[in-house]
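Both complexes shown next keep subunit A, but they swap its partner, so subunit B is in the first and subunit C is in the second.
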Partner chain A sequence: MSILGNRVLRKEDPKFLTVGGTYVDDIGLAGALHVAYVRSTFAHARILSIDTEEARKAPGVVAVYTAADVDLGPRPPEMPMFNQAMTRSLLADDTVRFVGECVAAVVADTRARAVDAAELVQIDYDPLPAVVDVETALRDETLLFPAAGTNLAMDMTFGTDEHFMDGCEVVVRHQFLNHRVAPCPLEVRAASAEWSPEGRLTQYSSTQAPHGVKSGLAGALALDEAQVRVLSPDVGGGFGAKMGTYPEELLVAWMARRLGRPVRWVETRSESMVGLGHGRGQLQEVEIGGSRDGRILAYRLNVIQDGGAYPAIGAVLPFMTRTMLSGVYDIPKVEFNSRSVVTNTTPTVAYRGAGRPEATAAIERVLDMFAAEIGMDPAEVRRRNLIQKDAFPFTTPTGTVYDIGDYVRALDLALEAADYPALRAAQKQRRESGATKQLGIGLSVYVEITNGMPSSEFGAVEVRPDGTVVVRTGTSPHGQGHVTAWAMLVSEQLGIPIESIEVVHGDTDVVPRGVGTFGSRSLQAGGVAVNQAATAVVERARQLAADLLEANPDDVILDKVGQRFHVQGTPAAGRSWKELAAEAESQGGLTAEVDFTAPGPTFPFGAHLVVAEVDTETGLVEIKRIVAVDDAGKILNPMLAEGQVHGGLAQGVAQALLEEVRYDEDGNPVTANLADYAFVTAAELPSFERIAMETPTPVNELGAKGIGESGTIGSTPAVHNAVCDALVHLGVRHVPMPTSPQRVWRAINEATGKASA
Partner chain B sequence: MIPAAFDYVRVDSVDAAVAALTEHGDDAKLLAGGHSLLPLMKLRLAFPSVLIDIGRIEGLSYVRQEGDQVAIGALTRHCDVNASPELARHAPLLAYVAGKVGDPQVRHRGTIGGSIAHADPASDLPAAVLALGGEMVVTGPSGQRVIPATEFFTGFLETAMSPEEMLTEIRVPTATAGHSYQKFVRRAQDWAMVGVAVARYDGTTGVSLVNMGPTPLRAAAVESALASGASAADAAEVADQDSEPTGDANASPEFRRHLAKVLTRRALEEAGL
Partner chain C sequence: MKVSIEVNGKKEEHDVEDRTLLVFFLRETLGLTGTNIGCDTTNCGACTVIMNGESVKSCTVLAAQADGQKVLTIEGLGTSQDDMHPMQEAFRQNHALQCGYCTPGMVMAAVSLVHDNPNITEAEVREGLEGNLCRCTGYHNIVKAVLAAAGSGGGDL
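Right after this comes the complex of A and B.
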C-alpha cells in the first residue's frame, strides 16, 4: 500500500508540542552582544544631526553606529528594472523615507541596556512633505529620491487602445484599492552573527531562503560565498516577507565583524509591523465590457503599485498580476498597464499570493458588478465565460500557458456543496421580509500560478550503513511540513519507514545549494528533486545488489515490505538496505544528489463560495460559511494540504474583512501593533467546508501543483463579493475592502440617500 | 518591549500599600493584574519609577452579598467576577460584562479594581458599574471613603482618587429586573468600538456608554426619557446626547453616535423594555 495520499501525521509535531521549537533568538552565542536599532519617527525628513554622546556613555554600551560609520555604501535596488538611483543605505544617511527606517544601531552587553541606550540617541530632523498615497507619488511634486528625478520606480505598458471597448453592449468601470496588509508571522525577524578567527561568518537567520541570505551577506560584505554559513533553525512563518536580506540582518554581520564578538538581534512586534515588508498595495482601474447575454469581450486593468520607500519585490509584482490577468475566463481582448511608485511607507514585498491575489480580486469583483449591471446571476455569468476543460494547455492573451484545469467542475462542486439554489431562496426571503441581517452569497473562481519562474532546486538522499536515511533539501520549510512530506516521498520509493528518514534543511554547510520556500514551489521543485534522488538511490542499490548476487540488474527487485533487494522469484537470497549501504561505504556511499528544474510552472485553481450575514444597522459582517474547492493536482498528504488551505483561507478572509495597514496623512503608521491591526483569529472564522478535487498536472512526475497560496487567492474576492451581494438590493454597488462596519454603513447610507460621515 | 528601569516593592496589606503610595508619591504605581499597566510600560508610554505590587494582598478577592448590595474585592479577577454565583443571582450584568473582557488570558490576570482604577473609557467594567449605580470604596492615609460611580470617573484615565488612595472594594445594588450589554467589536477579543450597558433595578433603568467620550459615560438623557415613559426605540434616539466620541481608524465620531443609538435600542429591548 502506498504511503502517498495519506493523512500521515507530522514528524515535526512531537517536538513543537512538547519541548517547543528552537528559533533564532533561542540560540545564545557565548559572549554575544545585543543590538537595538533607533528607528525614524518621521515618514520623510532630512537628518540634520545625530547626537550619540549620551547613548555611548550609557551602562553596558559597547558601540553606537550611524550611517557615517558604516563602510558599506548605499545599495541600488537589487532588481535591474528599477530606477537605479533609488538607493538605500543600511542606516539612513541624510534622509529618512519611512517611519521605522533604521537610523542608528546601539550595541550593548544586554538587550535591555541596548534598548535603554537607544532612547538616548538624539536625532534632529527637518521634516519634508510625506508622500503617502500612490496618486500623489505619481505627481512627482515631492520626490523621495531627487537624483532619480521621479517617484516612478518602473512601469510596464502593453497597450492603450482607444477603441478597446468598441462592440461591447455593456461596460463597467471601477477603481479598487487592493490595500496593504502586514504579513505578521508569529515569529518576528531575528538574526545573529558570529565570525571565526579565520574570518568565516556564521549567521543565524529567520528566513525562507537560507542560501539567498548567504548570497546576500556575501555580496554586501564582499566575501566569497564559501566564507559564509547560514543556519535557519525553526522559523515561525514568513508568508513571503522573509525572502530577502533586510538591512538589519546585514548590519548584524557587519557589527559582529567590526566588534570581534557575536551580535544578536530580534525585533519587537511593534518594530516588525513597520520594519518587515508589507504586502499588496495596488490601486486598480478596472474595466470590463461584454454583451447583455453575459459574454465578456474585453477586460482592461491599469494599476499603480505602491512600492513603499525603497523598491523591492513588491514593486515588481504587477508583472505577476499581468501573468494571471484574465483568470479562469476565456476573454478575447485584454489590456494591462502598470506603474510602480515609491512612497514614504514601509517597502512592499511578496505576501501570500504576491501579485496573483490582486489579479483575482480585480476580475472576480468586477465580474459581479458586471453581472449586477446586466441582471444575471453571477454564477451564470462565470459559467458562460469559463475556459473549457478540453482547451488545455491554454494560452491566455497575455501569453501565460495554463497546464491543466477543469474550472466548470470546480464551480459546480462548490455550488452543489453549498446548495446554491437554497441559499438564493433564503436570501430572497430575507430581502422580502426586510430583515436587519441580510444574507450575501459570494463566489470566486480562480486560477493562480505556482513555481512561477522555475529555478533549480537541490535534493539528496543517502542511505546510511545503519539502514536509516538522510534527506537533504534546498527548500526551507517554516510550517509547511516538508520533513514529513519529503520523508513520505522517500519512504514510498525505498520502503524504509518515515521514522527512519531524517530530513535536513536550513544549514548551508550541509545542504550545498538551494533556493528556498516561496511561491508555492517546494513540492514541485524540491519535492521532485528528492523524489528523483530517491529513484537514483534505488537504482544504485539495485545495481549493487545485482553485482553481489551475480544477477542481471533487470531481474533484481526491491521488496519494499522486507526492505531488501532480491532476484525475482528467489527471495531467500537477497541484500537489505543496511547491507548494501555498508557495502557502498567504500565506494562513496549509497547516495544521490539531484538538481531539478521544472519545465514550467503549474496552475492550481478552484472555486470558493462564501455566505455572509451583514447587519444593515451596524455594518458588522459575520461569515457563516466558506465552501472551498481547491485543486492543486495530486495531493501528497491531505492533512498537510488542508493546513495550507485553512491558513490561506483565514488570511484571505482577513484581507477582505479586517486587516489593513493604514497611515495618517503625515505617513505615521496607525496600525503598528496587534491591537490596532485587526489580525484575524479563529473566533472570526466559521469551520471551513473543503471539497476535494484533484486534477494531476502533467508538468511533473508527482502530478503536484503548489497549495500554499491558493486559499488566500480565492477567498478574498469570495468574501468581498458576499458582503457586496448582501447589499445589492439596497442599491449598493460596491463596498471597498476591508469591508469594515463603518464602510458598510457608509455604503448603505450613500445608496439610500442618508447622510453619514 | 522592554520597560524602562523601575523599583519594585511588594506589599501584603492595604495599609502597607497606602504607606508605600504616601512614601513614593506620584512616581509610584500600584500593580494589580498588570494587564493595563505593563503594556503601557513596555511601549514606554508609562514610566513609573516604583511599582507597588498589591497582587498578593490577602482577603481582597471576594464577592459577597451585603444587604441590598453586592460587594466585590478590588483584587477579584475578571474570570471570578464572571463565574460568581452571587453576582449571577443579584447583579447579573456585572458577571456577564466580566466575561466579555478581552480573552481568557486577560480575564485570568486582570482585576476589577485595576480595570476601574485605570478608568479607560473603552473598558467594559467601569461602564457596567456605572449603569448599576454602584460605588467605590477607597482607602487612604486617613481611612476609607465611598465615592459613587457617577462621581468617580473624572477625566481620561483619571479618577476622584488621590495619589495616596487605593481602591479596595466595589459595591453594586442588587439589580435583577433585566440587563443587557451590547459590546460592538470586529474581533472577539477586541476592545469595544462602542458599548452600551443597561441594568434595571428599583424600578429605574441605568444606561451607560463605553468609548463615547473621555470617561465611561452615563446616558442620562436615555434614562430620563425612559423615566418619563418613552419607548425603548424613542429613548435610544437620544443615546449620544451628552457624549463626545472621538474618531479613529475604525470609526468616525458620527459612526460612533449612530452605533450608540442602535446598540442602546437593542440593549433596552434585550433588558425587557
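Right after this comes the complex of A and C.
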C-alpha cells in the first residue's frame, strides 16, 4: 500500500499551531544591535546633503551610515542582458530613484531607539521630474541613469510583419495594463547577521533561496563562499519576492562586520510595501485575428515591461511571457516584441506566476473579445482552437515544447462541473428581465511552465543507526509542506514511517548545495533528487544485507512493512534498517546524496470557470463560484496540492478584482500600507470548487509538474472575463483590471451613454 | 512603568516603557514569539490574542492597558500535539495553514468568533475573519476548519 497520493497531514503543523513558527525576527542574538533604514520620500531627486548629526547624538545610537561610509560600491544589474550602466548603490549615492529607497542606516541598541533616531536624519533633496509610467519612460525625456543614455533596460524586439493580419476576417485589438501588485507575504523581510572572531558570517534571512543569499553575500562582501552560512528558519511566505538578495540584507552583514556586533533588521509593513519588489507591471498591445467561424489565425503581443527603478527579475519576465505566448491554442502565426524600461517606482520582481499570468491574461481576455465580436460562445471559440491531446509533445511557434496535456478534457470538466448550459440560461433570464444584478460567466483555459529553467537540486537521505532517517534538501519551503512531502517520498522507498523521518532545509552548512523554492520547481527538482537518494540508499542497504546474508543482492528484497531486508522466500533471516545502518557506520554510513537536474520543464494546465454577479447600479462585483480544474501531473499529496491551488486562486482573484499598487503623478505610492492596499480577505472570496485531473508527465519519474502558481495564472482572466461577460449585453467591451466598482460603473455608463459627467 | 498581566495563566510583572505595545511585551519581554506582527496599520490580525475573553489585536493595545487583565496567546491554548485545543486540531485536520505566519492570530480570532457564536455560518465566518489576513491558504481551508471546530468545542475558553 503506497503512501503516495494520500492526504497525509503535515508534520510541520503541531509546532505552528501550539507555539508558532520560528521566523527570523523571533531569533534573538546576544548583544545584537538593531538597524532602521531612512528611506527616500522622493521618487526622483538629487541628494544635496545628509545631516546625521542629531541622529548620532540620540540615545542608544551606535552608528549612522550613508553612502559615503559604505565601501562596497555601486553594483551593475546582476543579469547581463540589462543595460549595465543602470547601477545601484546599497545606500542611495547622489540620486534617489524611488520612494522607499534606502538613503541612510541608523544602528542603535534597541529597535525603538533606532526608529526614533532615523527620524532625526535630515536629507536635503533637489527634486527631479518623476518617470512614473512606462510610456513616459520610453520617451527618454527624463533619464533615470544619464550614463545609460536611455531608460530602456532590455530590448526584446523582433520586428513587425505588416501583412501579419492578412487573411483574417476579423481582427480585434486592445491595450491591457496587467497592473502592478504587491506580493505581500505575511511575514515581511527580516535579516540578522553575526560574525565569528575568525571572520565567518552567519546570516539569518527570510528567503526562498538560502544558497542564493549565501552567494549574494559572498559576492557583495568579497568573501569566499565557505565563509558564509545562511540560515532561513521558518519563512512566512515569499511568492517569488523573497528570491534575490536585497540591499538591506547585504548592509546588515556589512554593518555587523563594521561594528563587530550582531545586527538585526526587520522592516515594517509600510516599508515592505515599497521596499519588497512588486509583481507584474506590463503594458500590453494585443491583437488577435481569425475567421468568422471562430478559428484564430494570428496573434500578436507587444509589451512594455515596467522594471521599476533598478532592473531586477521583473524586467526580464517578458521572456517568460513570450515562452507562454499562445497558451493552450494552436495558432499558426504569432508575433511578440517587448521592451523593459526603468521608472521611478519600486523595482519589479517575480511574483506568483512571474511572466506567465501576463501571457494568459492577455490571450484569454482578448479571446473573449474576439468571441463577442463574432457572436460565438467563448467556450466554443476556445474549443475550436485548443491544441489536441494527440499533438504532444507540442512545439509552439515561439519554440516552447509542451510535454503533455489534455486541454479539451480540462475545459469539459470545468463546464460540466459548473453546469455551463444552466448558467447561460440563468444569465439569459437575468438579461431579459433587466435585473439590477447581472450574471457573468468567465472562462480561462491555461497552460504554464514550471521548473522553467531546470537547474540542479540537491537531495540526501541517511538512515541513522537508531533506525530514523534524516533527509537534507536544497529546496526551501515557506508553506509548501516539503517536510511532509519529502518524508512521504522517502517513506515510500524505505518503508520507514514518516514520523521517523526528519527533513532538514534552510541551513547552508548542513545542506551543502541547493537552489531553493520558486517557479514551482520544488517537487520536480528537489523532490526527485530526494526520491533518487532514497532509491540509492535502498540499493546500498540491499548490497550490505546481501553481504551479511551471503546472498546474491538480486535475491534480497526489502520488506517495507517489516522494515527489513531478507532473501526472497526466507524472511526469518534478515537485517533491519537499524542493523544495517549500525553496520554501515564504519563505512561512512547508510547515506546517499544526489544532485538532480531535470531534462526539461513541465507544463501544468487547466481550466477555470468563474461566476460573478455584478450590480449594474453600484458596480459592485460579487464572486459566486470558482470552479477550478488544475492538472499538475501526478499528485503526491492531494491535501497539499489543493492548498497550493486555493492560495493561488485567491491571489489571482485579488489581482482581477481588488489589488493594485498605485502611484500618483509625482511617483508617490498611494497604496503603501495595508489600510490602503486592498489585500484580499475571506469576506471577498467564496469557497472554491476544485476538480481533480491528473495527467502524469513523462519528464520525471514522479510524473509530477509544479502546482504552486497555476491557481493564480488561471483565475485572474477567468474573473476578469466573468465581470466583463456580465456587461457585454449592455455594450461594454472591456473593463480594465482591477475591476473596482468605480471602473465597472464607469464602463456601464459609458456604454449606455449615461456618462455625461 | 510597572505592569502586571496574567498571561496564559501566569502572572507577569515587568517594568516597561510607557509606549510599549502589548505585542512587544509578549514577544520581547516575555519571549512569547508565537504572536506575530504583520502590519503597522491594524489590518492584518497576525497579532490577535484573547484578552478577558475577547479577541484583540495586540498591536493596538498598550501593555499599560492590559495591566491587571488576563491575556491568552497561542502558547496558552494547547501546548503539544497530543493536547491541542479543538480549534488547533481542526486547523491541522483541514490543512488550514501553510507558512504558519497568520496562524496564531487566526486561531485566536477563530476561537473567539466561535465562542461568541457557536452556530456560526460560512458567511459569518468569512465576515468575522475579515480582519485576519492570510496570504497562503486563500482562506478556503481556514473557513472549513472554523466551521468544523464550531461543532466540537472550538470556542471553548
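As a working rule, the second predicted complex is superposed on the first by the 755 of 757 C-alpha atoms of A that agree within 3 Å, B and C clash if a C-alpha of one lies under 4 Å from a C-alpha of the other, contacts with A are read in each partner's own complex, and residues count from 1 in each chain.
Methods note: a contact is a pair of C-beta atoms (placed from the backbone, for glycine too) under 8 Å apart; a residue touches a chain by one contact, two chains touch by 3 or more.
Here the structure is a predicted model, which means the values were calculated and not measured.
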Clash or fit, subunit B versus subunit C on superposed subunit A: fit
Subunit A as apex of subunit B and subunit C, Cα-centre angle in degrees (nearest 10): 40
First, second, both or neither for A:478, with subunit B first and subunit C second: second
Contacts of A:237 with subunit B and subunit C, given as first, second, both or neither: second
First (subunit B), second (subunit C), both or neither touched by A:470: neither
First, second, both or neither for A:670, with subunit B first and subunit C second: first
Subunit B versus subunit C as contact partner of A:13, first or second or both or neither: second
First (subunit B), second (subunit C), both or neither touched by A:557: neither
Touched partner set for A:426, first subunit B, second subunit C, both or neither: neither
Contacts of A:647 with subunit B and subunit C, given as first, second, both or neither: second
Subunit B versus subunit C as contact partner of A:617, first or second or both or neither: first
Contact breadth on subunit A, by residue count: subunit C or subunit B: C
Subunit B and subunit C, minimum CA distance [Å, superposed model]: 5
Touching both subunit B and subunit C, residues of subunit A: 112, 268-270, 673, 675, 681, 683
Residues on subunit B engaged by subunit A in the complex (per definition of touch): 1-2, 4-5, 43-44, 184, 186-191, 193, 248-252, 254-255, 258-259, 262-263
Residue ranges of subunit C in contact with subunit A within the complex: 17, 19, 27, 33-44, 46, 74-75, 77-81, 84, 88, 91-93, 95, 97-104, 107, 122, 125-127, 129-144
Contact set on subunit A toward subunit B in their complex: 111-112, 115-116, 119, 268-270, 617-618, 620, 658, 662, 670-671, 673, 675-676, 678, 680-681, 683-684, 740-742, 745, 756-757
Residues of subunit A touching subunit C in the complex: 9-10, 12-14, 16-23, 25-26, 112, 184-188, 234-237, 239, 268-270, 478-481, 639-640, 642-643, 646-651, 673-675, 679, 681-683, 685, 687-688, 711
